[in-house]
């Protein structure tokens, strides 16, 4: 019997989140004796590139495809074609729309991740009126919208539901700017927002590199003490920044776990033909250095141990 | 003697083909299924969108211009045609026409800015790149458009051709290339495209309306982006507002790999088809080999340089 | 008469400045704090990385080339210098030197491929873009490098200048611009850069070693990307493997907005500084106005076109 | 002698920044004549014929064609009136073949459906015609499908001259057509000019070659400092006097009346 | 009469695809002479001097400078030996000023620290020298800081000629330097050539202008079909016989021996 071939398609090549995911998959594949093919879209949101990668992997003999869909709807027809050929398709990280477009989903809830930090921010403010800066991803990206809208939802402000790709903008949001999930651009965005809203007290960032950029900008302006930065991802560097007091709280997700679960399911399918099904929530944990009353959070040590599912 | 020779492309223009051949031989020997008819037809499907965009891009580059907006305009076209069909319920031929009209309009705007105000094409199309992106996002509310009528995705269907399944869209792409090849080679309008790119001042002085030629090229390119939009829709089965971000670089790469000069006036449009296929082959072959995706990027970088090196060396002496 | 006139740039080259003035007046009147000294010095800080990259890009574009690899090479440089300092524990001056050496090496490779094998710069630098990206990812394992010695980020510190806080890095950028402006205008080597871009054949025939001129330009550009890497590091305080993806388009845009021709041989390097600042001003001003990010993209597209239109119209008659 | 005026210009002015290339130049071309235009370098000869052929738009002054005022906004307008011009800097597309350059903008189409509907070019016919035209000039070019950039300086000039002569229906303008030509080829061009004139088309010939001018011209227009200094009759005036007028050594008012034309 | 040979070439061959531009051409230039090179269009004159000045590398044959074999791989090599060439297609950078073009690749630096260390140009001196040089040619150009692309055809040619003449230390090669020039300017260039010769430098002059050639040349090299057909003595042979040799009407072996040089 030949070695099972498993394909992993991430959204991009560079985001540390997906790099970790690839590492986890590679480790698991090595352990279980499977061959792993990897591919990615060219940019965040590149659906066509993911479709191409999937086709090529199937041509290369992959019987299982693990995919973090860049576009939850647009990928559906291509997945359908693959499944019609008997390929097991598992969505990682975020679901397709509809969810049953794939055989199974090992994912995290980005909207919920937003809600958690929103609730944390609300409790920390303790009744003070919020003046918010949001450093988002870039226009049109679903994950960017889900985290943003979830955050506002958690803060108890006007917001949209998890399916909406537009960004809500209640009055409390003083400034919105795109960070592209990049530290330098995050810093620039924060600097500009500080000019517009010097009295900001809460900063939401799409991920921890953007948060680090925001912290730099605040620190240069001498405002790092009075502003609460919240973020999403829970990467090891991000947790370190939580420990150092740069980031107040972050919603931690577990790419390593998703990936290893996916690979294991693929190997199982190759051996026994058994397909996994349904939604397995790999979980979101709120990590904060300082717990606040009424919001469940874990401390930095737990976060470091778990960072992206290290152990 | 004159006539026979003039029918064959000079040896110097065979460079891209040689590079493609090298790539194919390499992948055929390192992987099992690269040469299967099915895999080859898959590659053709994967390059059809960029391939058709590259036709428009070639025309513009032949006039010494460049079009950065092509991919975004294509995305806008696919959103317009799918939303018109799904949300407004227009019959599919009209919806497609509306999408193509939108892309042609963008071509017209690009062309007018380039010819009337004489702005550099790089900046004009960088501007319309942003504008098309924003309009796409606003109009689609960043939502993918699904539930299309089957007819709109028919070009993604395949027919059997000697064992392999060939997509109608791939066939359309090849036919378009042949058509424009003929047009550029055998009609006055086509030759004027070369002339404008080769020496705009001389072309103006012999009394050719250079601005009209340019404008026409930009509009034709716009229409081609509309066709590419339809191909993208039929390939993915949806209208995708996040498409089109990297197609400009891909298409320009295909054109340059195909041996067309970015300074205008020199090149062969069939080279662009080969260039597009080279990109597709690299992508496909490296995945088949099971190369890690970061290493794929590395190797693609090296191979792209190698491909033009082969081209350049095969041209030796033709200084 | 000759001498006085030759000291002032001709009116046609003032276009970019006029466009910048327009933008500033517009934002000054629509927002409260745009004109504050602090905000302006902030903009200077935000553009310093792209600004320094744009110097190298201008040199290359003046020779009728183009460099797509600039941002990625810069990212590689910043990873090399930070990892050498943090992981290998090299003293910071050596670590910085190692980073600059890495970027200079990439410049050398670009230059050798362009001059020796005579490959088109577009393709060469597209290839090295991919290669630099992959090396950066592999070497850094896609991890941000933190914990840098303070000296490496010193250029991000500020000093007071008439109420505003100006970063040392901004000052360095301006000094580099003035230096290269002088070099291009007042030395033989600088004039040869223009000559090579304006007419490579004529330059060769008068006995100037055109390949040496080109190679030198690519290497200088590589060194400048190393300086930009240091600026990026000192601005963000980390070595960021995800940086550098959009800097190529930004830098080319700055150069073209600054009035330099993509066909080589014509342009003013100070224009590129103005172009870079225009990009920074748009980004800053639109955020201050509270414009939604999709609309920001839309308006940026329109304003970029407007900026070159102003430039073009101010050149009227200078056919 | 007083043939009708075909092309006429009054008080043309063209300024480039501080340089005034044309400074109120007048011009008259009569039916069926060969008019030579001579003058020092920078006298404004090329600027004059560029204005007459629509390549530049004069700042002031008017142009009359067959007595009717015309405004050429671009070379196309002039071409539509049957005026063809061979410019000093040749106006050829270097990467294109000789045949293509000859027919640039005047391509021959096939007959029938292919030509009328598909607008397909008749490359064979164009090639044959090109071979013929170039044979007229006795210039030894091997293949008409050679790119113009591979030609020698003189061969390139022959291409531009042949184009202008072949397509004119009203006026032919030649700006230094023999400058790069050898003795033999130069004589062939003079021969060609005569043939054109014999077809009834007037020719404007700019040249620095005095023997050529005196051999062929019916009248000589002397340009000086952006103006018309005089119009001379080559049959009456001597070559050295002509040069004297041209360089300003002889004042226009000192020219004997019978030498004027 | 038998001055030492300064520049010599034996059996040069240069092929472009199917075209053979040089087909075993020989060449001899003697010290202190003005050697005219004449021939039909496409005879290979420009190809010959391009090989002599390093602009192209011949496929076969050898070149000797002062009797020593040399290999010029590029124009720089030739320039280093003091050979300056004014090419037929002028080799000017159109967007740069006249002064810059004159000094392109031979810029003057300031004295002292600014020049030696900072390598700063002495623009003032270059401007002054440019004004002088162009005044020598009596060509009325207003400003030396004008871009070359704004000049008339003849003015542009003067720039290229002045450059070659100004910097040569060994041999001056001029490819049709008077083609676009007016009578006065043409004579000034002839004057310039004489002055260069009187300084002791030999000059190679390619020209189609027979009166010029006969006025100035010490010997005439006739190029024909990529070869050297003959070397004539202009003091003995008539202009019409020379043209006959050039066009092939007179066979080289029919030339009276005393007309050869």
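Structural remarks
Each chain carries a letter (A, B, C, D and E) given by its place in the written order, and its residues are counted from 1.
Note that a contact is a pair of C-beta atoms (placed from the backbone, for glycine too) under 8 Å apart; a residue touches a chain by one contact, two chains touch by 3 or more.
Everything numeric in this text was worked out from a predicted model, so none of it was measured.
Path length between subunit A and subunit E in the touching-chain graph (shortest route): 2. Common neighbours of subunit B and subunit E, by the contact definition above: C, D. Distance from the centre of subunit D peaks at A, each centre being the average of the chain's Cα atoms. Of all residue numbers that take part in the contact between subunit B and subunit C, over half occur on both sides, making this a same-residue interface.
Distance between Cα centroids is largest for the pairing of subunit B with E. With centres taken as mean Cα positions, subunit C sits 30 Å from subunit B. Inter-chain spacing, taken between the CA centroids of subunit A and subunit B, is 34 Å. A straight line joining the Cα centres of subunit B and subunit D is 43 Å long. Among all residues of subunit B, those that touch two or more other chains are 133-134, 137, 294, 297. In subunit A, the residues touching two or more other chains are 13, 139-140. Across the assembly, subunit E contributes residues 143 that each touch 2 or more other chains.
Applying the touch definition to all chain combinations yields A-B, A-C, B-C, B-D, C-E, D-E. Subunit D meets subunit B in the complex at residues 55, 74-76, 78-80, 85, 87, 90-96, 100, 104-105, 107, 109, 118-121, 123-124, 127, 143-145, 163. The touching residues of subunit C, counted against subunit B in their complex, run 64, 66, 68, 113, 117-120, 122-124, 126-131, 133-135, 137-138, 249, 252-253, 256-257, 261-263, 294-295, 297-298, 300-302, 304-305, 308-309, 312-313. Subunit C makes touch with subunit E in their complex at residues 1-3, 5-6, 186-189, 191-192, 194-195, 198-199, 201-209, 265-266. Those residues of subunit B lying in contact with subunit A across their complex are 31, 33, 38-39, 42, 45-46, 49, 133-134, 137, 141-144, 146, 153, 232, 235-238, 240-243, 245-246, 283-284, 287-288, 290, 292-294, 296-297.
Here subunit A touches subunit B in the complex through residues 10, 13, 22, 35, 37-40, 42-43, 45-49, 51-53, 55-57, 59-61, 70-78, 139-142, 145, 165-166, going by the rule given at the top.
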